[in-house]
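Per-chain numbering from 1; labels A, B and C assigned in written order.
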Amino acid sequence: MNCVELQQSLAEVEDGGSSEQKAHLRTCPACSALLKELNLIVAAASQLQEANEPSPRVWNSIEFALRQEGLIRPPRAGRSLVPSFSTRWGAARWLVPAAAMLLLALGIYLRREALPDQVEHQARVAVAVGNPPDLDDADLMQEVADNDPAMKTQYAENLRQVNESIRDAQGLVDESPNDEDARRSLMDAYQQKSMLFKMAMDRSLP
Amino acid sequence: MTEPRQQQGSELSEAEAIERAKQGDAEAFRALYEKHKRRVYSLCLRMTANTAEAEDLAQEAFLQLYRKIATFRGESAFSTWLHRLSVNVVLMHLRKKSLPVVSLEETVQGTEEDSPKRDFGADDVALAGSIDRMQLQRAVESLPPGYRMIFVLHDIEGYEHNEIAKIAGCSIGNSKSQLHKARMKLRDLLKMNRAEKAGKSRAG
Amino acid sequence: MVSKRTAKLVAIGVIVAGTLVAESKKEYHFAVGPKAGVSVMNPYGSISVRPSLNNTVVVNVVLHSDKVEVDNNQNGNRVDIQSHLLAGADADSGRVDYEVLVPADASITLHSSTGSLRAEKLHGDVSLEGAGADVDIRDISDAHVHVKTMNGAVNLDNIQNGHVEVDSLSGEVTMRGVNGPLVQVVSTSGKINYIGDFGNSGEYRLTSHSGDIEATIPEWTSADVSARSVRGEVHDDIPLQPKNHTWFPIDKGRAFAGTMGRVAVSSTVVLRTFSGKIHLRKRSENK
């Protein structure tokens, strides 16, 4: 076996362990060095397996999509979610906007805490999430104040308006649960609020 | 090698997280994500050499996983399942871009790649000791797409040639030969890099 | 960082000294193929996009201080541009203004908090998002147009055969000559103005919780129209053939529903508000 043949054979027997390879390697320092270098590369390759961390944006997007698709369900049904909707819209569609909004607020809360023990905090906040908007809205405004203070007034006003629209739409639904327009207006209101939260989150992300 | 995980102590076990994720538990989804995000994202980044694409693909891989999580019965390791899914997501994406990243036959660049060199560059700087991770990362990113894919799947991610052959739609022999060429190319890139650095330090 | 896969993918950066003390200008060129994707993420400042004459993306940038950089990346047929704020940057010092030329079939995604965001004369998908950004999109055909804004005004002009979705919390939305299989606007408190003919046998849904909705259309428009305001008033200047059955009560002054025009296949128009006014106006023929 010559050097060319040795190199070709490394494709099949990578470690130079065949008898012909061993025989050649014993007498050829250049091929020995080549094999050593290739082994170094292979050994170093595993360093790259978990070398990189995705930005927080990835999880935020996943979470948002899970909400949109109804794959995440809140621990207990919110008071605004009327069971009869499920026949028409599917329960998930109703759960999604409300929960999406709360979950984004949860995301803001977690980011603000930014502590290593995220799981423990998640458990604490999961309880707090049961309280609707006040906690989440305050966290949203704090996030905007911290990261985009120039927009604080505008966010506050839009938040006020969208909360009002949710209350109005909820009132309509309570009055007429079978009113398709009422149900749709509630969903639109939640989605608008969800969009507001998402804008605040996008702005505050590095 | 791998950096220590941030979650300690009271984290959910994976089995517990999977069961809770099936029930739609947000915390469980998050726990699974935290556990596997680096592996999935690094795979996507190695294969695409682009952070924006890698993030999109990592997102897609996790979403596909979560959509199917109800069907996971524990026959194989969860991480294996996630990993296979991630590879599929990346390959689908690369195929859609119509870049010759899956057809291994097309990655050979010129006849000089085919004929093994007799002279291994005796004057070259040797690759001794350990290889710097960032340098290796850059060298992998510089590989032609087909070589990069084989190297990532086999040497970084640990797939066997028979698995790669199925994934990439090539023969086992082809997978082996392309892997060897990928390693040889990486060797050349790393040695060039070291030679440049050595040249600079001599001149400086 | 990213290896150049084919010889035809080239990026050229040219730095030109600006006339103002801290201002600087840059220009980037990217060769792309058909249906390229171009995205520009810019926290502070304007972005305007027009068609280029060839298969090149040209990005002209004005940076208002040295507290912001421009990151650019091309991967195959996708070009990503991002303003990268450095420590100490604010809305003024972090401002970057972009003028971008793209092939007309390119899809574009633009983000800016402060805006303005403009796109014209394209037929690839257009996605614009900005909390306080004014948005102006005109002369787009056969494409998806998506707009998200908090309080920026949105102006859409001559969008033909489009799939249009606008979400604006409180910004006013004005549409002139916007037609397509789907035109949907959702707002919390913004006013919605539609001037056109509800053409293309499309589905048009204009919803504002407390903003007014005004649609000015010719008498010959062919559409199935329903309008409803829970607390506000509705006015209809165009005679409609009333519907025999509606699933909601027609409270005079709060709702109307009917068909207009004589063409067999017509558009569906849904106008909804909680406390705003709805007015279906007849377009004067002199216009």
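Heads up, the rule we're going with is that a residue touches a chain if its C-beta (ideal position, glycine included) is under 8 Å from a C-beta of that chain, and two chains touch if they have at least 3 such contacts.
The shown structure was predicted, so the numbers you read here are calculated from the model rather than taken from an experiment.
K.L.:
With contacts counted as defined, which of the two, B-C or A-C, has more C-beta pairs across the interface?
P.N.:
Comparing B-C with A-C, the pair joined by more C-beta contacts is A-C.
K.L.:
Determine the chain that sits nearest the middle of the structure, using the mean of its CA atoms as its centre.
P.N.:
Chain nearest the overall C-alpha centroid, as shown: A.
K.L.:
Using mean Cα positions as chain centres, tell me which chain lies farthest from chain C.
P.N.:
Looking at centroid distances, B is the chain farthest away.
K.L.:
Hey, how far is the Cα centre of chain A from the one of chain B, in Å?
P.N.:
So the centre of chain A lies 22 Å away from the centre of chain B.
K.L.:
Between chain B and chain C, what distance separates the C-alpha centroids? Give it in angstrom.
P.N.:
39
K.L.:
So how far apart, in whole Å, are chain A and chain C when each is placed at the average of its C-alpha atoms?
P.N.:
Their C-alpha centroids are separated by 27 Å.
K.L.:
What residues of chain A sit close enough to touch chain C in their complex?
P.N.:
148, 150-151, 154-155, 157-158, 161-162, 164-165, 168-169, 172, 179-181, 184-185, 188-189, 191-192, 195-196, 199, 202-203
K.L.:
Report the residues of chain B in contact with chain C in the complex, numbered from low to high.
P.N.:
For chain B paired with chain C, touching residues are 48-50, 52-53, 97, 99, 138, 141-143, 145.
K.L.:
Chain B touches which residues of chain A in the complex?
P.N.:
Residue list for chain A touching chain B: 3-4, 7-8, 10-12, 14, 30-31, 33-34, 37-38, 40-42, 44-55, 57-59, 61-63, 65-66, 69, 71-75, 103, 106, 116-120, 122-123, 126.
K.L.:
Mind pulling up the chain B residues that touch chain A in the complex?
P.N.:
Touch residues, chain B against chain A: 1-3, 6-12, 23-27, 29-31, 33-34, 37-39, 41-42, 45-46, 54-55, 58-59, 62-63, 66-67, 115-118, 120, 122, 126-128, 130-131, 133, 136-137, 140, 151, 155-157, 176-177, 179-181, 183-184, 186-187, 190-191.
K.L.:
What residues of chain C sit close enough to touch chain B in their complex?
P.N.:
Against chain B, the touching part of chain C is residues 1-3, 5, 73, 75-78, 80.
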